[in-house]
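Okay, so chain A shows up in both of these, paired with chain B first and chain C after.
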Partner chain A sequence: MKNGAFAHIFTVLFAVFMLAPIGVVVAVSFTAEGFLEFPPSTLSLRWYWAILDNPDFIDAFIVSLKLGFVSALLATVLTVPAGLAIGRGRFRGRDALQALFLSPLTVPTVVLGISFLRFLSLFGMNGTFIGLAVCHAVIIIPFVLRLVLASVTGMDPSIEKASVSLGASPWTVFRRVTLPAITPGVVGGFVLAFITSFDELTVSIFIVNPSTTTLPVRLFSHIAQTTDPLVASVSTVAILFTVVVMLIVDRLYGLDRLLIGEGKR
Partner chain B sequence: MNPFLLSAPALALFGVMLVVPLIMTFILSFHSFGFYTGIEFTFGLHNYIDVLTDDYFYEIFGRTFAIALAVTVICVIIGTPMAFFLQRMRAWTRSIMVLIVLGPLLVSVVVRTLGWMILLGNNGVINSALMDMGLLTSPFRMMYTSGGIVVALAHVMVPFMVLAVWAALQRQDPATIAAAESLGARRSTIFRRVVLPQAMPGILSGSLIVFSLSASSFATPSLIGGRRVKVVATTVYDEFLNTLNWPLGAAIAIILLVAVLVIMVTWNRVVERQFAGVFQ
Partner chain C sequence: MAYLELDHLSKAFGPFQAVADFSLDVARGEFVSLLGPSGCGKTTTLQMIAGFEEPTSGTIRLNGRDLSGVAARDRGLGIVFQTYALFPHMTVAENVGFGLDMRKVRGKERKRRIAAALELVHLSHLAGRHPRQLSGGQRQRVALARALVIEPELLLLDEPLSNLDAKLREEMQLELRRIQQEAGVTTLLVTHDQNEAMALSDRIAVMHAGTLVQEAAPFEAYERPTTAFASAFLGKSNAIHGRYEGPEFVTKDGVRLAAPAPAADGAGAAGDVMLALRPERILFVEEADAVVSGKVVERVFLGDQWLFKVATPVGELLVTRRNGGHAEPEPGATVHLAWAADHLRVLAPEAAA
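Let's turn to the complex of A and B:
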């Protein structure tokens, strides 16, 4: 059964709805005026040059990049063994363990934010990069776990048995057989974790200090006071960055697989 | 290898960085706050009594859940048909549409909300266009209203709905549609009698995701609603970072957490009872 006229019109309108807010940000960033205007009467790159005069945006971008990388790495390293255990074990407490590792998705982020703030400030760790990275790791672990689990359960357990019977040590089995088999899930999980951390606002806003302010927090506090073309140009750079990551992911792994978290295609 | 040994590092992280902080927030909600003395280590229910006896907080909780409900309804209405059409598209149109529907999920909520601020403002794109066309004489106010928050949040949340419904539709047997067609059913009948029942588990789980994320959303209500239209998350933020009354903020947050959990559990119960057959 094919889509009819109504389906086509609906799809176009839906696409407009999804793209309008993003397109409008990109469009207004090219204005030559000192205020937001749509469509811009004259085009210029003035507000892109202006980013260079605002090092706090550049610093925030660098913090976000580092934070995304460190927290995604931490989350992946911790989640792969846990995912292997949960994915193939039949043991008491397995469901509880999985529920615990997925629970940051259920707890409202604002509750997580204040809890991290309360906890870190007791130890004088509030605003530190390490504190931020560890908190981000907690909230992105569910995303990594779902993708690791999908690839672990989709793997044929007999290939591991085969390598054991051929005399491979447990470490060799993991390195030469298990890890290559689950690599797509691990890489997909890492990328999704990185992007989630890179975009995170609600937890970060409670636990950053001026030197560890992330890009979303910086943009948020700027927009809450004033909306000028500068935030539009910074946002456009962030969008461009996301589009590049997205296209790479779509090529490597498939965006739908990454976001549904199942190996279905 | 022992599964708990493999999970130990992650378990340690979650114990220290999730369980302990949440328990500490729970304890914090029983403390008191003095304007000059800061947090006082008393132990009582006064914060909860303050919240539960004040109309101001009822209004905020009421608004938050009303917004979440409206967003969920809109997402069901526009997300379900989108997932259905996605399922039947040709491969290359589908891959483009998947990028358009899911791509915004990867763009920061702050950036997407900025886009909506530009669209919805009194001098914004939508109002200017309508006034240029002569359909409006004065701008229709959408910024700093609950309606504006609902529209922008629906944009943020609808990809989750499409994903959930689409995942459910992929599990259905295409032969059921072919059978209905061969028996002469009209398109609308097929949608209503064949597709919709099979998509129901996806719609229900998508609704739960959208509702709980909307009820606890912060960035969009904060930027679109401004100072006046407050929701629970922005109220907690103000208590923590402006008023500095952490115990009261913690109590509001715990009430939000409990409310969301209760709604989730009840919803799952009802769904499991209603659709016991579908989930087998």
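Let's turn to the complex of A and C:
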């Protein structure tokens, strides 16, 4: 079906609406001035060199990277069995279990942040990397579960029976048949979880300490004190990093398949 | 002793009796079909043989071995599923090799057996493809090769052709029969498709409401159905209800018909009986030779044949006629029908009907 002129204009406006803020940040990061200037009057890489003079930003970037990886791994390992049970099992409390796993989406993050702060204090784990990773895992579990569930329900359950009839043990069935069949959902969930954790601010503000400050928290506190274009150049690097991750995953698995579901190939 | 023995097999799901006291013997190398409508218990029976369902009572013996308590993975059966259940992330060769991996068959021997299995189903050229790159018929063949490569003691086919279109289905029927005979494997097919069951099997076991209704060779089952259900389910059939008055059959509307005498021990020696008559045994004749006359109510052209629905004093009769390439009576026309009395089968009317 061909779209009319109105639909085209609408699509372009929508794309501008979504991308313009990012465009502004990227443009601002190339200014030579000492303040946020748009459009930049002169171009320079001054604020990119400035990142190197601010090791706390680089440290925060590394913390966020590690945190995203560990929390996404934790969430995925916990959620894959849950997704298999919820997606295929018929047992009492199945819906309640699913609602529980998805509930972090519906609880306001500020509330979660305060709760995590109180909870971690009980164990003296406030500000520790492990504490942070566990809290992030809770927040990102819904994303993993959604994608794993989509894969599980799209899987033909008789492939497991087929492998059993051919002599496979339960562990072999999982390793060689079930897991590979739901890999798109697992990888998609992991990537989405990683990006969500990498980007998380509200909860993190409550529970980081100076040694576990994440990149979003670092940027936030920087911008609260000064308004130099350093935040723009750091943001641009973060955007570039995300794009590269997405491109690699797209090459490996196909992003539309991961995030939208098992399409025809 | 039979090769596969199902001995008084029953399965209940809560209050629902899926399979009730079902017994069947299958000889080595035989191809037997479990035929029945959905919900008749045929799939449950297959699941019990495969080891995916535990029988409520009864035993299954294969080659003298009692299968109760043997896990599904240790039964060594080849199963072809309705959805084919190919592993989507493996190539054709890897799919076929899976059962060999489980049996620790490695190296040259593994390669040789995969090649032989793919040769058997004529798919050697597609060994490197993934299932999603194959047509329905090709997937079906891969599923067969995967089930046969482990040299199973028994091959179970669960509605294997129901996902194929009509033309391909006919081709695959011939192909399936050839492969089964070449492999020489004892086979149990579960299907609701009577044509499939008749075309493929040495013997048909008709199931209804969890019980065995009739067990016979396809021709025998078609020609001499023993129950009203079997006669209606295997092909098309007309039912003429009535009772015997002495040696004569009188329909419920009072028409006297020449009919075979009821068997001494069989149905209808007294009380209501049903005569079953195949539509293709009814002929169009001149008025003088007619058994009954009637009006064509409906006419359907099926290419190689015509299907008529004719309203007669003994009830509405289905009549099929081979398309001889000339005009046939139109709806509303009066036609005269006749049949040989020995084509009538005397049956007890369906209890539920």
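As a convention for this text, the second predicted complex is superposed on the first by the 246 of 265 C-alpha atoms of A that agree within 3 Å, B and C clash if a C-alpha of one lies under 4 Å from a C-alpha of the other, contacts with A are read in each partner's own complex, and residues count from 1 in each chain.
Assume a contact is a pair of C-beta atoms (placed from the backbone, for glycine too) under 8 Å apart; a residue touches a chain by one contact, two chains touch by 3 or more.
Since we're looking at a predicted model, the values are computed, not measured.
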item: Fit or clash - chain C, chain B, common chain A; value: fit
item: Which of chain B and chain C A:N209 touches, first, second, both or neither; value: neither
item: Touching partner for A:S158 - first (chain B), second (chain C), both, neither; value: second
item: First, second, both or neither for A:A181, with chain B first and chain C second; value: second
item: More chain A residues in contact - chain B or chain C; value: B
item: Geometry of the superposed three-chain model: angle at chain A (Cα centres of chain B and chain C, steps of 10 degrees); value: 100
item: Touched partner set for A:T42, first chain B, second chain C, both or neither; value: neither
item: Chain B versus chain C as contact partner of A:L166, first or second or both or neither; value: second
item: After superposition on chain A, the shortest CA separation from chain B to chain C (Å); value: 14
item: Touching residues on chain B, where the partner in the complex is chain A; value: 1, 3-4, 6-7, 9-11, 13-14, 17-18, 20-22, 24-25, 28, 78, 81-82, 85, 88-89, 95, 97-119, 125, 128, 152, 155, 158-159, 163, 166-167, 170, 177-178, 181, 187, 190, 212, 215-216, 218-219, 222-223, 232-233, 236-237, 240-241, 246, 249-250, 253-254, 256-257, 260-261, 264
item: Chain A residues touching chain C - in the complex, by the definition given at the top; value: 156, 158-159, 161-169, 172, 176-177, 180-181, 183, 265
item: Chain A contact footprint on chain C (complex, rising order); value: 50-52, 72-79, 81-83, 85-90, 98-99, 102-103, 132, 146, 150
item: Partner chain B, residues of chain A touching it in the complex; value: 1-4, 7, 10-11, 14-15, 17-25, 28, 36, 38, 77-79, 81-82, 84-86, 89, 91, 93-94, 97, 100-101, 103-104, 106-112, 114-119, 122, 134-135, 137-138, 141, 170, 195, 198-199, 201-202, 205-206, 215-216, 219-220, 223-224, 227, 231-232, 235, 238-239, 242-243, 245-246, 250, 255-256, 259-260, 262, 264
